[in-house]
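For clarity, chains are labelled A, B, C, D, E and F in written order, and residue numbers in each chain start from 1.
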Amino acid sequence: MSNLVKEFNDYRQVMNEKLLNDDNKVIKRIFNLDTNAYMEGALNVKTKELLGLVASTVLRCDDCVKYHLETCYKEGITKAEMMEAMSIATLVGGTIVIPHLRRAYEFWEALEENK
Amino acid sequence: MSNLVKEFNDYRQVMNEKLLNDDNKVIKRIFNLDTNAYMEGALNVKTKELLGLVASTVLRCDDCVKYHLETCYKEGITKAEMMEAMSIATLVGGTIVIPHLRRAYEFWEALEENK
Amino acid sequence: MSNLVKEFNDYRQVMNEKLLNDDNKVIKRIFNLDTNAYMEGALNVKTKELLGLVASTVLRCDDCVKYHLETCYKEGITKAEMMEAMSIATLVGGTIVIPHLRRAYEFWEALEENK
Amino acid sequence: MSNLVKEFNDYRQVMNEKLLNDDNKVIKRIFNLDTNAYMEGALNVKTKELLGLVASTVLRCDDCVKYHLETCYKEGITKAEMMEAMSIATLVGGTIVIPHLRRAYEFWEALEENK
Amino acid sequence: MSNLVKEFNDYRQVMNEKLLNDDNKVIKRIFNLDTNAYMEGALNVKTKELLGLVASTVLRCDDCVKYHLETCYKEGITKAEMMEAMSIATLVGGTIVIPHLRRAYEFWEALEENK
Amino acid sequence: MSNLVKEFNDYRQVMNEKLLNDDNKVIKRIFNLDTNAYMEGALNVKTKELLGLVASTVLRCDDCVKYHLETCYKEGITKAEMMEAMSIATLVGGTIVIPHLRRAYEFWEALEENK
């Protein structure tokens, strides 16, 4: 199951490089902002990653959810913390979030297996 | 083509069990509410399933659409009734609903083949 | 409070006439389709109005909700039936639907007062 | 400007009471879940309120944003922390979030004035 | 009716200044990007403003629609061109776009009156 | 990689035929409108296809994006023009658009390879 993580990261990396080698400056700057926004500030990195995870989940973007699950995992966020964040996302976003929750749970298990 | 139905249900069942075996009470209660909300009440089950189908379609959640297509099918809703519900969803939700309509139609055919 | 209904309908009517007097054919045809889609067919008008109500609610369009609440009310749909449809919408669409539910409830009361 | 807070809370309270006095059990249970989900657990209340704020912001629900701004404010979250959460919401949700950010900032100022 | 334009711009300007005087750098940079993205490039300004208008409309953000209607108007885009762009938005986004179309049409008339 | 284009078009064509052979008139008329809306009018076809592309992208519908990328490509829109349109979509719709941008870029490369 750990291929789930590798496949996601490989495709993401290849395409991000292509996008960043393209001439479009607005895209480049959005990518750059995306890195800065999650850095330590008034809020710590863990909290920010949880905010990114919940935002991605209620907007139902599987790839964004996977990305933030991985960063959350690396930051040492526990499964119980992740699930509490996801439960708020599911309550706020409604039952249409559930299919994304299933895929998120599967991805988290893949992250644990990869360790 | 009938594998479409089986694959969907198998994955859904495995992951739902994992989610329900997890400790998170909010998630458990949302799942529980999801069962209760579609039970006979002031409105009958058929109407409620059609409401669930249309809500899922305008919010463009393929897995939710599949789930409600299957319950609609089991409740004896005809293809013409399903298509009228989907036509309202497509009108209200716009042409971005069309790709989901294509996949819904394919899934309905798979349900018919499985009979 | 009954002004709520009148104000909504007055503005809607004035602007719809302007839009239909404009030259754009695609807009005219979408308006025309909007009338046809809710007519008796494989599904009856009541069911279709409830479908329109739930679609409007999960997409969180207050004006669309008001429009369908009024047609539901005129079709003789009861408050309990309306509330069951809205409860499915709130479950599927999540707690962000609640502010729209408050305004919908207020509008339904205005419809009852207007009788 | 502090009326902004009072008006919001008054209308919200009146309508919530009506909704809870209505017979619909699914609605009642969603309201109940909404209270439980933000209680201290694996994550603390502050973090959960920030998650609710960001979820509400990317889904662009002004009333939900106001509600969470007020609870954040009462929990002692600083303006800088709130703005960092909102900056993540604006980045993830895009420039269409900006009008909601303007109204959120105005509401936060009203909360500060009310003190 | 021309107050519609003035009120929108006044509030927008006051709040944007407050947001830009706040310390948050991510917000500042998003505002900055928002200016750059619509400048002449491979596509001309008119086309870009129409793209911004349609994006705002299908995402149903009234304030964003107003902003782009005003810039479109200043760029000399005709009512027929604006309406064709809006008709595509209404078709793609569905009938839930119609209430926003009514308000957009009203705002365009206010822009014409202000001339 | 060019199979990406063929697979998309084949499935789309098969399912569209089934939908059009079905009895539902509302669906048929929406399909018909979808063809008319992008025809030369006050705006030229290129501009309209870019509007369709941006609308599809901010609403995050991969299949709609693919369809409009192909028509844009056939209309002679350059990669730089397409990327500028997509950069506006990413700015307006936020970073959750990025996964769709990656897939769009991959599809555009497949269109170029197919030539």
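Definition applied: contacts are C-beta pairs under 8 Å (C-beta built on N, C-alpha and C of every residue); 3 or more make two chains touch, one makes a residue touch a chain.
Note that the structure is a prediction, hence the values are computed from the model and not measured.
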(request) Identify the chain pair with more contacting C-beta pairs: B-E or A-B. (result) A-B
(message) Which of A-D, B-C or C-F has the same interface as A-E, meaning more than half of the contact pairs match by residue number?
(response) C-F
(request) Note whether the interface between chain C and chain E is symmetric in residue numbering, meaning over half of all numbers used appear on both sides, and answer same or different. (result) different
(message) Centre to centre, using CA atoms, which chain is the farthest one from chain C?
(response) A
(message) Suppose each chain is reduced to the average of its Cα coordinates; what separation in Å results between chain C and chain D?
(response) 26
(message) Between chain A and chain C, what distance separates the C-alpha centroids? Give it in angstrom.
(response) 37
(message) By the touch rule stated above, which residues of chain C touch at least two different other chains?
(response) 26, 30, 33-34, 37, 55-56, 58-59, 64, 80, 83-84, 87-88, 90-93, 95-96
(message) How are the chains arranged in terms of who touches whom: line, ring, star, complete or other?
(response) complete
(request) Name, in rising order, each residue of chain D that touches chain B in their complex. (result) 25-26, 29-30, 33, 36-37
(request) Mind listing the chain C positions that touch chain A in their complex? (result) 58, 90-97
(message) Help me check something: in the complex, which residues belonging to chain B touch chain F?
(response) 60, 79-80, 83-84, 86-88, 90-91, 95-96, 98-99, 101-103, 105-106, 109
(message) Touching residues of chain A toward chain D in the complex: what are they?
(response) 33-34, 37-38, 41-43, 47-48, 50-52, 54-56, 58-59, 64, 78, 80-81, 83-85, 87-89, 91-93
(message) If we count contacts the way the header does, which residues on chain A are in touch with chain F in the complex?
(response) 11-12, 15-16, 18-19, 22-24, 26-27, 30-31, 34, 55-56, 59, 61-64
